[in-house]
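Two complexes, one shared chain (chain A), two partners (chain B, chain C).
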Partner chain A sequence: MNLLGAGILKGMAVTLKNFIGSYFDKERLNTLEYMWQNDKSLPKRAGDYPKEEGEQLRPTTTVTNYSRNFPMLLHDDGEPMDTIRCVACQICERECPPQCIYIEKSDDKKERPGGKPQFYPATFDIDVSVCMSCQICVEVCPFDAIVMNSQFELSTPDRFNGLLLKRGDLLKSNQYYHKIHPEEAADRDKRIADDKAAKEAKKKAAEAAKEAKKKAAEAKAKSEAEANSKEESKDPSEPPQTSTEHNKEENTE
Partner chain B sequence: MGPHHPSTHGVFRMDVKLDGETVVDLKPVFGYLHRNHEKIAENISYLASMPFTDRLDYFNSMTNNWAYAIAAEKLVEIEVPERAEYLRVIMAELTRLVNHISLVGFFVNDLGALGTPLLYAFREREKILDLFEQASGARMMCNYLRFGGLRCDVPEGWLKRARDLVDRFPKFLDEYEQLLCENEIILSRTQGVGTLSRDLAISAGVTGPMLRASGVNYDIRKVDQYGIYNRFKFRVPYSENNVGDCYDRFMIRMLEMRESIEILKQALDGIEEGPVMGNAGKVFKPKPAEAYGRIESPKGELGFYLVADGTPKPYRFRVRPPSFINLTVLRDMCIGQQVADAVIILGSIDIVLGEVDR
Partner chain C sequence: MNWELIKDILLATVPLLVIFPTMFALTTWVERKALARIQNRIGPNKVGVPMSRYGGKLSLFGLGQPAADGIKMLFKENIVPTGADRLFHLLAPILSLIPAMLVLCFLPLNFPWLTDEQNSVKAFMLDGAVIFFFAITGLNTLAVFMAGWASRNKYSLLGGMRAIAQMVSYEIPLVLSAVVVVMTVGSLNAGEIAKSQDGWNWFVFSPWGLAAFIIFFIASLAETNRSPFDLPEAESEIIAGYFTEYSGFKFALFFLGEYIAMFAISGLAVTLFLGAGDGPGAEAYPSLKVIWFLAKICVLIGIMIWLRGTLPRLRVDQLMSFAWKFLMPLSILNIFITGFAWHAENNNEEYGFTIKAIIWTASLLILYLTAKGLDKVNRANIKPRTYQYGE
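Right, the complex of A and B next:
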C-alpha cells in the first residue's frame, strides 16, 4: 500500500533538489544560454559575440548551417574595402521587396585584385527592422557580393540607428561565410571559379578564333597574292594590285 | 467578441447579438491585419512578390509559393523539371501535415483542453519545420519555390530525414487519434454543432476540408491534377452525410493527414536525381496575358489571378484566399448556437487572418 500523496512528494523532491542545486552548480540547469560563452558579461551590441568569429551558434543541431537571417556583404582576403565584391550596381536596391537597402555609388573607381577598376558603394545601409530575410538580394546579385548571415543576436536599445546596419557592420570576410554556411559557400566558390574559367576559356576561344581568322585571311591573301603574282608573271604591267593586297593584310592585323 | 488573442486565430472580432447564451445574430469584423498585399505586388517585380505570398497564410508558405508559381508559369509556359515537381509535392504534403496538425491542436485548445494537446501537435510540427529550414533556410517564411522550379536543391541526407519523419508520423497520429477522436467531451461538444448543409456550402463557394466535411467530393488535386498529382494513388476523405458539423470537419483533417503520408511515401520513392530549375531566364517579363493558377491548399482552393501587360510588374494581382471565403458562412453556422460554441465553430473553419485580410 502506498501512502497517499507519496508520488507527489517524490516528484517535488526532484524539483526541489534541482532548484537548490542550480544555485550551486550551473550545470544542473537544463536551459543553457550561449554555451560558447565563458564569461557571463552581457554584450553591448550585435557583433560582440560569439567570441570567435563564425563559431557555431548551436553546436548540437545541424539546422543553423542552413538558416538565414539578414544579408551581409562579402569581401575576399585582404583589407575589406580593397577587396569588397560589391560594385554598387544597385540591382539589389531595386529588387528588394520591402525596399530596405540604400546604396550610394562612389564617385571614383577603385582597383580590384585580378580585375578592372570598379565603383564601390560609398554608402550601403540595410534597415534590418524592415528587412524580411527573403534572400531576393542574394539571388539577383551578379557579383556574389551579398549573402545571408545567420547571426540572430541583433537586439539593441537604439531603435533607429541600432537597427540600421552600415557598410562597416555588413562587411564580412569570405572565410566567415565558409564557417557559417560551409556547403553553400563551397558551392558558390566553385561556381565563381567555374564562371571565371568559362570566361577565360571563352576569351581564349575568341582569341583563337581571331587568330584562326587572321591566319585564314593571311592564307587567303597569300593565295590571292600568289594568284596575283601569277597574273603578274602573265602581265607584269599592272603593279597597283599588289599594293591593295598589302593594305588588306594590314587591316586584318 | 474579440479582437482575439493573437496566438489563436489572429486579430478577429465578432459582433454577436445574444439572447441569454444563444447567438441570435453575428457579424464578423476583420481587416485588422490588412497589409495591402495585392497593391504592393502590382508595384514590384513578379519575383519580389514571392516572399510576400509566404506571409499570406503563414502556416503554409510552401503551398502559397506553389499557387503563385503555377499562375506565373501559366503566363510564360515554363517547363518544371521532374525533381522539382516531386519536391514541390513533398513540400506541399508536409505543409498539409503542419497545417492540419496545428489546426487540430488549436481546435482542442478552443474546446478547453489548454496546452497539452496543442503542444503534442507542435512537437511534431517543429520536426517538419526543421526540415523546411534545412531545405530553404527558414522555418516558416520559406520563399523556396521559383518560377520554373525551386530556389535550390535539398541538402544531402534531407530525403532520408524526411523519410524517417514520414515513417514515424503515423505512430504519433495513432496516439493522437486514440486520445482525441472518441473522447467523450469532444464528442458532446462538437457533434451536431455548427452544421453546414451541402447546398449552402456549394452556393457560398466554400472549398477544401470544410466542403468535403459537408459531403461534397471535391479536391483540386484530383480535379485539376496540377503538378504531378496524377501519378499518386490517394483517397479523398469526405463525409457521407449532406450536413457537416464540427466533428466532421475535425475528423476530415485527421483522415487527410493519413492520405498525405501515403502521397509522401510514394513521392519519396519516386524522386530521382536531376536539376531543380527549368530554363526560366533571369528576368521575368511576360507578354500581355492573363492567368489563374490554383491549388488545393490545406485550407481550400488558393488561387492567384495575374494580368500581365508586358512590363516586369503585374498589371493586376489578385488572391483568392480560401480562409476568407470559408469565413463567409460563419454567421449561418453560428445562429442558434451557444456563445461557447461560436468559438469552436470559428476554430473548425480553419482561418489564418494573414490570408483573410491580406
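Right, the complex of A and C next:
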C-alpha cells in the first residue's frame, strides 16, 4: 500500500536534487553563455571584433559546425562576381515558402571558369526578417550555389534596409563555407567533383558512341558501294542490308 | 476634515502598496531563477546596472530583470482586437488587480508604527475580516471571465470558462478548511486569530489543522491559477487562456494581480494556520512579527514555485473530480473531527498528554483512511479514454 501523495513528494525530491545540483555540479548546466562572456581572449563587445573581408561582423567560430541561420551565396576562388555559382535560374525564388528571395536575371551572359557563358543574378536579395531558415532553397538549388550561413549577429537599427541582405552581403567564398561547415562543405565538394567526373565520363562515352556511329556510317557507305557494284548481277528488288549487319560482317571479317 | 484619520489610514495602507509590489518584482526574478535551476539552466543573469560606458557591468545575478520587464511592458503596444468590447477589455485587468490589492489589508500585518489606539484603521481588526477576504477574492473570477468574454476570442473565452468552473469549485474546500480555525477561535477577526496562535500554538500543529492547511494550500493553488491547476492559462492547449488578447501594460496588470493574489492567499494561510506573525523573538520584539509574517509568505511562495517546477498540469475532469469528490468530502469531515477533538481536549484536561496522543492518532487515522478510500473510489471511475470520432 503506497502512501497517499508519495508520488508528489518523490517528484519534488527529484526537482530539489536538480535545483541544488545545478549550483555545485557544473556538468549539469548545459547552457552555453554568450561566448565572449567566458572567453577572456575575445573582445568584450561585438563591435570590437575585427571585420574579416566579405564578412559583416565577426567570424562565427564559436557556434557549432551544425548551426544554420540564413542562406548565403557561394563563389569559387577568384573575384566573387566572376566565379559566382548562381545562374539566376530562380528555382529558389519560386520554391521559397515565405517568398523572401528576390532575383533579377542579368541581360548578358558571363564566362564561367571551366564552363559555358551563363546568366548571373543582377539582383539577389534575401529579406532575413521574413526568412524562416527552412533550407528549402539549399535543397532545390541544382548548382550548389546557395547554402546556409551560421552568422547570427544580424541585429540592426534599420528595420527595413538593414535586414534586407543584398547580393554583396550574401556572397561568401567556398573557403568560408569550409570554415563554418567543414563536413558539409567537404561532402558537397566531393559530390560536385563526382558529378563532374560522371559528366565527363558520360561525355566521353557519348563521344565514343559518336565515333562508332561515324565509323558505322562509313562502313555502310562502303558496303553500299560494294553492293552497287554487285547489283548488276543480282536481283534489284532485294532490300539493302542494315548497318548493324554490316558491322557484324566487318567484325567477323 | 479629519487629517489625523487620513494620516493613520495612509500609514496603514501605503506600506502594503510598497511591500507587496516590491515582493512581486523579486518573486518574478526568483521564480525564473528557481525554475531555470530545476531544469539545469542558468536563468536570467545578465540584466543589471548598465555601466558598460564606464567599463564593466554590474549584473547582480540578473536582479535588474524585473525592472527591464516592467519597462518593456510599459512601452509595448496596446493591442485591442477589432471585435472586442473595448470598455470591458480595459476594465478586466483593473478589476483583477483591485480585489487582490484590497484583501491585503485583511492580513494581520501589525506595523510597529501603528499603536493599539489606531485600531480603527486596521482592517484586519474588523469582526468578519476573514469573510470579507473570501468575498472580495471572489471578485477575481468576475475579472477573469470579463477578460475572456470581452476579448472576443474563442481561446480567451475557453480560458475564462475554465477559470470560472475552477474557481467556483475550489472556493468550497478553501472556505470549508478555513472554517475549522474560525470554529476553534470563535472569531472571524484576523487579529484575534493571529493572537490566539501566539507562543507556538499554531493551528498547523494539530491533526485537524494540518489536514485543513494542506487542503487550504491545494485549493489556494487552484484559486490563484497556479500550476498544477493552471488550466485557465494552459499554454499548450488554449494559447494563454483569458489573457491571450492582452498586451503591454494591461497584461502587466493581470500579471501583477495574479501575483498579489498569490501573496494575499498565502498571507491568509499564514494567518489561519502558520501562527501569523508568531516566531522566535516575536514576544520580546513585537516589530519582528511583520518580518516573520512576510518570511512565512515567502516560504509558501517558494513551495508554490517548487510545485510549479515539479508537477504537470491536470486534465479538466481530473481537476473537477479532485475538488468535488476528494477535497470537499475531506474538508467537511475535517469540520466534524475538529468539533470532536476540541470537545475531547477541553473536557478531559486532567488526562493531559494521553488524551492528546489519542486525539492525534484517531484524527490522523480517520482522515488518512478517508482520503485513501476516496482516492480508491475516485480511481475506480477512471477508465481509459474513449473517443467518439477518432481512433
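The definition used in the following text is that the second predicted complex is superposed on the first by the 165 of 253 C-alpha atoms of A that agree within 3 Å, B and C clash if a C-alpha of one lies under 4 Å from a C-alpha of the other, contacts with A are read in each partner's own complex, and residues count from 1 in each chain.
By our rule, a residue touches a chain if its C-beta (ideal position, glycine included) is under 8 Å from a C-beta of that chain, and two chains touch if they have at least 3 such contacts.
Computed from a predicted model, the values in this text were never measured in an experiment.
After overlaying the two complexes on the shared chain, residue contacts for A:Thr15 are found with chain C alone; chain B is out of touch.
When both complexes are overlaid on chain A, the residue A:Leu4 reaches chain C alone and has no touch with chain B. Legend: residue contacts after superposition of the two complexes on their common chain; A:Phe160 is shown touching neither chain B nor chain C.
By the touch criterion stated above, A:Tyr23 is placed in contact with chain C alone, chain B being left untouched. When the two complexes are laid over each other on chain A, chain A has no residue in contact with both chain B and chain C. Residues 44-45, 47-52, 54-55, 130, 133-138, 141, 143, 151, 155-156, 282 of chain B are the ones touching chain A in the complex. Taken together, the chain A residues at the contact with chain B in this complex read 62-63, 66-68, 95-97, 132-136, 139-140, 148, 183. Chain A contributes residues 4, 8, 11-12, 14-16, 18-19, 21-23, 28-31, 33, 45 to its touches with chain C in the complex. Against chain A, the residues of chain C that register as touching in their complex are 34, 37-42, 52, 306-307, 309-311, 368, 371-372, 375.
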